[in-house]
Amino acid sequence: MKEKEFDLITFGRSSIDLYSQDIGADFIDIKGFDAFVGGSPLNIAVGATRLGAKVSLLTGIGNDKVGDFIINFLKEQNVNTDTIARIDGARSSAVVLGIEPPDRFPLVYYRDNAADSQVTIDHVIAAKIDQYKILEISATALNIEPSRSAVFYAVETAFDNNVEVFLDMDFRADQWKDLRSFGLMVRAILPKVKIAIGTEEEILAATLQHADQVHISHQQISAPEIKGDIEASIQKIIKSGPELLIVKRGSKGATVYYKDGNKRDVPGFPVEILNVLGAGDAFASGFIYGYLQGWDIYKACRLGNASGAWVVQKSGCANAMPYHDELIQFVDSWGGL
Amino acid sequence: MKEKEFDLITFGRSSIDLYSQDIGADFIDIKGFDAFVGGSPLNIAVGATRLGAKVSLLTGIGNDKVGDFIINFLKEQNVNTDTIARIDGARSSAVVLGIEPPDRFPLVYYRDNAADSQVTIDHVIAAKIDQYKILEISATALNIEPSRSAVFYAVETAFDNNVEVFLDMDFRADQWKDLRSFGLMVRAILPKVKIAIGTEEEILAATLQHADQVHISHQQISAPEIKGDIEASIQKIIKSGPELLIVKRGSKGATVYYKDGNKRDVPGFPVEILNVLGAGDAFASGFIYGYLQGWDIYKACRLGNASGAWVVQKSGCANAMPYHDELIQFVDSWGGL
Amino acid sequence: MKEKEFDLITFGRSSIDLYSQDIGADFIDIKGFDAFVGGSPLNIAVGATRLGAKVSLLTGIGNDKVGDFIINFLKEQNVNTDTIARIDGARSSAVVLGIEPPDRFPLVYYRDNAADSQVTIDHVIAAKIDQYKILEISATALNIEPSRSAVFYAVETAFDNNVEVFLDMDFRADQWKDLRSFGLMVRAILPKVKIAIGTEEEILAATLQHADQVHISHQQISAPEIKGDIEASIQKIIKSGPELLIVKRGSKGATVYYKDGNKRDVPGFPVEILNVLGAGDAFASGFIYGYLQGWDIYKACRLGNASGAWVVQKSGCANAMPYHDELIQFVDSWGGL
Amino acid sequence: MKEKEFDLITFGRSSIDLYSQDIGADFIDIKGFDAFVGGSPLNIAVGATRLGAKVSLLTGIGNDKVGDFIINFLKEQNVNTDTIARIDGARSSAVVLGIEPPDRFPLVYYRDNAADSQVTIDHVIAAKIDQYKILEISATALNIEPSRSAVFYAVETAFDNNVEVFLDMDFRADQWKDLRSFGLMVRAILPKVKIAIGTEEEILAATLQHADQVHISHQQISAPEIKGDIEASIQKIIKSGPELLIVKRGSKGATVYYKDGNKRDVPGFPVEILNVLGAGDAFASGFIYGYLQGWDIYKACRLGNASGAWVVQKSGCANAMPYHDELIQFVDSWGGL
């Protein structure tokens, strides 16, 4: 890794996340919500910070109380917030979620006129990305302008300044007018991406040919079902640019795909699952932390898997991310990395 | 009152209202929210129904779980929901509120691309307004198209079909690009309004000449401070069309202004206040119920005041509206109407 | 008429009007266009100025060469342009027209993001409407915000300051998302209008109940065919507020409808027709000029008819408006008013 | 070249182009306009067809008379129009131009809600790009959605199906909210582009770092002045993907840059210039025609230069494109390719 002042800057969504307090209840019967913060890059920023990295979040918040709420949480977590833009006239994002374990998490996004979509090239310039070792991008930020151009600019700037680009293939179906645009934009930045991370659904989404491959079985459920040939899709992604593609496979762990056709499975930690939300972001923060330590990919993925396993046992996303010592202890209790 | 099949149709906003569970806490320290429903016309519909009226709500909800939540609540309350439009591609409104009694209720509206702003003339036609005795309009629905044209259409239809039009001068400052448009639109429909209801702030807003008269002291606080000559404003409103203007004055009760220059104070019920939210809608539902019974204006306003007093002692808006018998019992305990 | 510094301010659209040079040619065969300016309130401003009135135009133009073109023409015509707003980021309107006499004038409006729709309440305030004897409003300016609120504001300001409001019921079908909004907005301002002017089609449009009453027989033809009961529509309009409704009937002249149910026909000047475009605006400018002289309504309408007759013999709209002496000479040659 | 049914499909803008008939006149003094069609990909389609290629145009037109005008012209020119989408609710583009030779061509674009920006991925699919030898893309189509995603899709489809991608770095400053987005989008597709073509200004624009490098000296003049290091910019572009970068240098001809650092000047035809508009598109159509014949790059560029020289002697763009025999005759009169 190059010598840089900071470790990681994550770029993309941020939100207040309102989680049903009535676990298992149908959405219409929910009586109250716990107030958390969320958004994939925010979660990763918090997770990596808790593990010990020096992290900034590049996002936008509205000039509203929800924005204050988000900023306040991040400051408490020691995430650098100087790179967060206050956007007048836009609204801090919000997500309202039902919790119906094990696998139904109906959610409603409040992202019309979202402040985090209003991040511009000038905000990226002000963030001084060249000072970081890693730029982590959330693919949802590619959905509309001006954040889309800002992501392209950030990726180029990183690439030209020895900042490694990690892409989280974060796919939110309802954030794309044409679902196929998701893959087009992802594939357009992949040549400058070093490591891409995604679930099988996200990889299928990133190689989508027809809109009717996607089936959203529950209204606005977080993970849509997508048909397609997963092996072909993986090969298409890995050949589009990145050195590595890491496929997140939940309790089964992760699989690392290499450009030369090799792959390696990294086993997970088969804990009992309370809530899968945030597990992918926990994986990313654990993996990135390990990577920053100079660990090999296998070992870094193992820490990612451990971090994901930690989070699925808890409610919440950002709030549930493990701290360094407790995660190491957890890993040791399972026999180490 | 004319012979009509139904008593009341209210028209305008509807939302999930998320109330801080941490009474008195600064917004950034909120840990959870209670899930209610809200929006002035929704609250009035619930309140009038609980008192015994036959009521429909004309609003729009998104094709999302929050929409289901709103509909489900209304059905449980026996409000007719056949007049509610499901709007594809729009989002059910949401409001997130802090509760800092007695008078600070910082709130964040999620109303970009709101489904209730997407109600059209065709939805109004489908609602068959001529079957109702009273059409109650929320002035916020005048802020953008197509709901604005739909309100004008509804008011005309009511006026031409012996449906009495009541206007709640519901003013939400952040919902108007130019604050002066609020008054222009209100004054444009007043000639067809029979009874207008508002607070002093709302009456000042409806006669606003300069944007700098408005001062929003806390970020997105519900009630902005507005400078102006309240007596002149009241006279301007009453001369613009309605037979009566009812000014809601909180614990002091209400004052009824007549076209001929007369006015009459209607004393309130000086209970201890927990939360003023929803009190104005409670007043409207109590007043309308009394009016539907054929009571005189004074007596109907007294029931309105009682209903408002009931609600300020509770948390919540729609959920806190009194039922008929308990309200009458409350009134009796204070010496009757 | 009150003592005022200026005679007339017209408010609404302005555009570059490009007229086919190939009279009678199908649109696809047009080789060139003459460059004129247009827009109903602009035409009326030019016409009334040429007759001798002191006139301002309240409209918006873009920060572009077409805006310069429009301003330059108006200055040459001695229309006051201090009341014209330059709108950054918007575009001066344009119209491209085929000329297939006698009655087919296919036209294409370039009014997306039109500068004249961006006139605001503040522009109206700056225009000092109280200094004029007459405010003439073009109904098309009611179609979208912010010009819609600006019209309501202008009408109120005029009404409250002894400025007589004349409404040209200018109806452009493709400028309304819901055709019924046209009538709703027109009827909302009619209580403050002194004289309304329209064609039979426009009067039917202003009382439209169902969108399917409108039939646009040639793509974007200027005058759509509208079904309806014209006498009932006329009564509805006259009862909605104005003292007079003047129905323009082309070569047959005009008919004046009074509140008390009376009506009076004002014969036209049966000249040979080259091009009907601009005839209605010529009528308005002639009528307004006569009205400003203190003439009775019949005599003022006769001058309006003469002015219309003058223009139908020429190509162009604003450019073809008659000057005072030539119009009087024309009238005399037909036996006077 | 591969065996394909058709030679060339061009993708991007189309418009009615209205050229001042008053050569040399200031814009405000223009009396009339000649009606042509234009838009870089349209011009190239016409030019290549006239030379003998089998060409389709992929663009969007509105459901309006201007759309009819454009289609009619293209059919007369034998350009295949089956690939043109009619977009309801959008407007055919228009351009109004002043002609002040030699180098001032003030123009006003009417591209708000432009139909050619509404071309979607599904339109691209319907166009069956795999049947063509060459896909020529106009960079302006990358400015907004959905045409932006459609371009990315078209480029990928071409790349995967042995269709060579030529990029015309067509830069229209006022079509980009952030000028730097132009270069970001261009650079994102360059890896799949075989031959890029641009002027020096366009190449500077495509590598723009700061918005203040651009100076638009006359209001909306076609060619903005852009500061920067042209050699560095050329190297940046050629290293971003394409095999060749062809820099158009007006009467000086063109220069071809190769990946290996070599370059080759191709001299022009120093004719007297009437009007430079359309010269670049004439170059592209001549070059592409030569390339399709299997000529070497030098010879193809020479034909491009000849075609450009032909057009600068005439008024008009698409309409002025040379036919095969007359261009060869012209070339021969200058001593051949």
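Observations on the model:
Every chain is named by a letter (A, B, C and D) in the order it is written, and numbering of its residues begins at 1.
Criterion: a residue touches a chain if its C-beta (ideal position, glycine included) is under 8 Å from a C-beta of that chain, and two chains touch if they have at least 3 such contacts.
The chain list, named the UniProt way, goes like this: A, B, C, D = 5-dehydro-2-deoxygluconokinase.
Keep in mind it's a predicted model, so treat the numbers as computed, not measured.
Placing every chain at the mean of its C-alpha atoms, the farthest one from subunit A is found to be C.
One simple way to say how far apart two chains are is to compare their mean CA positions; for subunit A and subunit C this gives 57 Å.
Each chain gets one centre point, the mean of its Cα atoms, and the points for subunit C and subunit D are 41 Å apart. Counting only residues that touch two or more partner chains, subunit B has none. A ring topology is adopted by the chain contact network, closed into one cycle in which each chain touches exactly two others. Across the complex, subunit D meets subunit C through its residues 16, 18, 21, 27-35, 62-66, 68-69, 72-73, 91-92, 94, 96, 98, 106-108, 110, 112-113, 219-220.
Taken together, the subunit C residues at the contact with subunit B in this complex read 120-121, 144-146, 149, 152-153, 156, 177-178, 180-181, 184-185, 187-189, 191.
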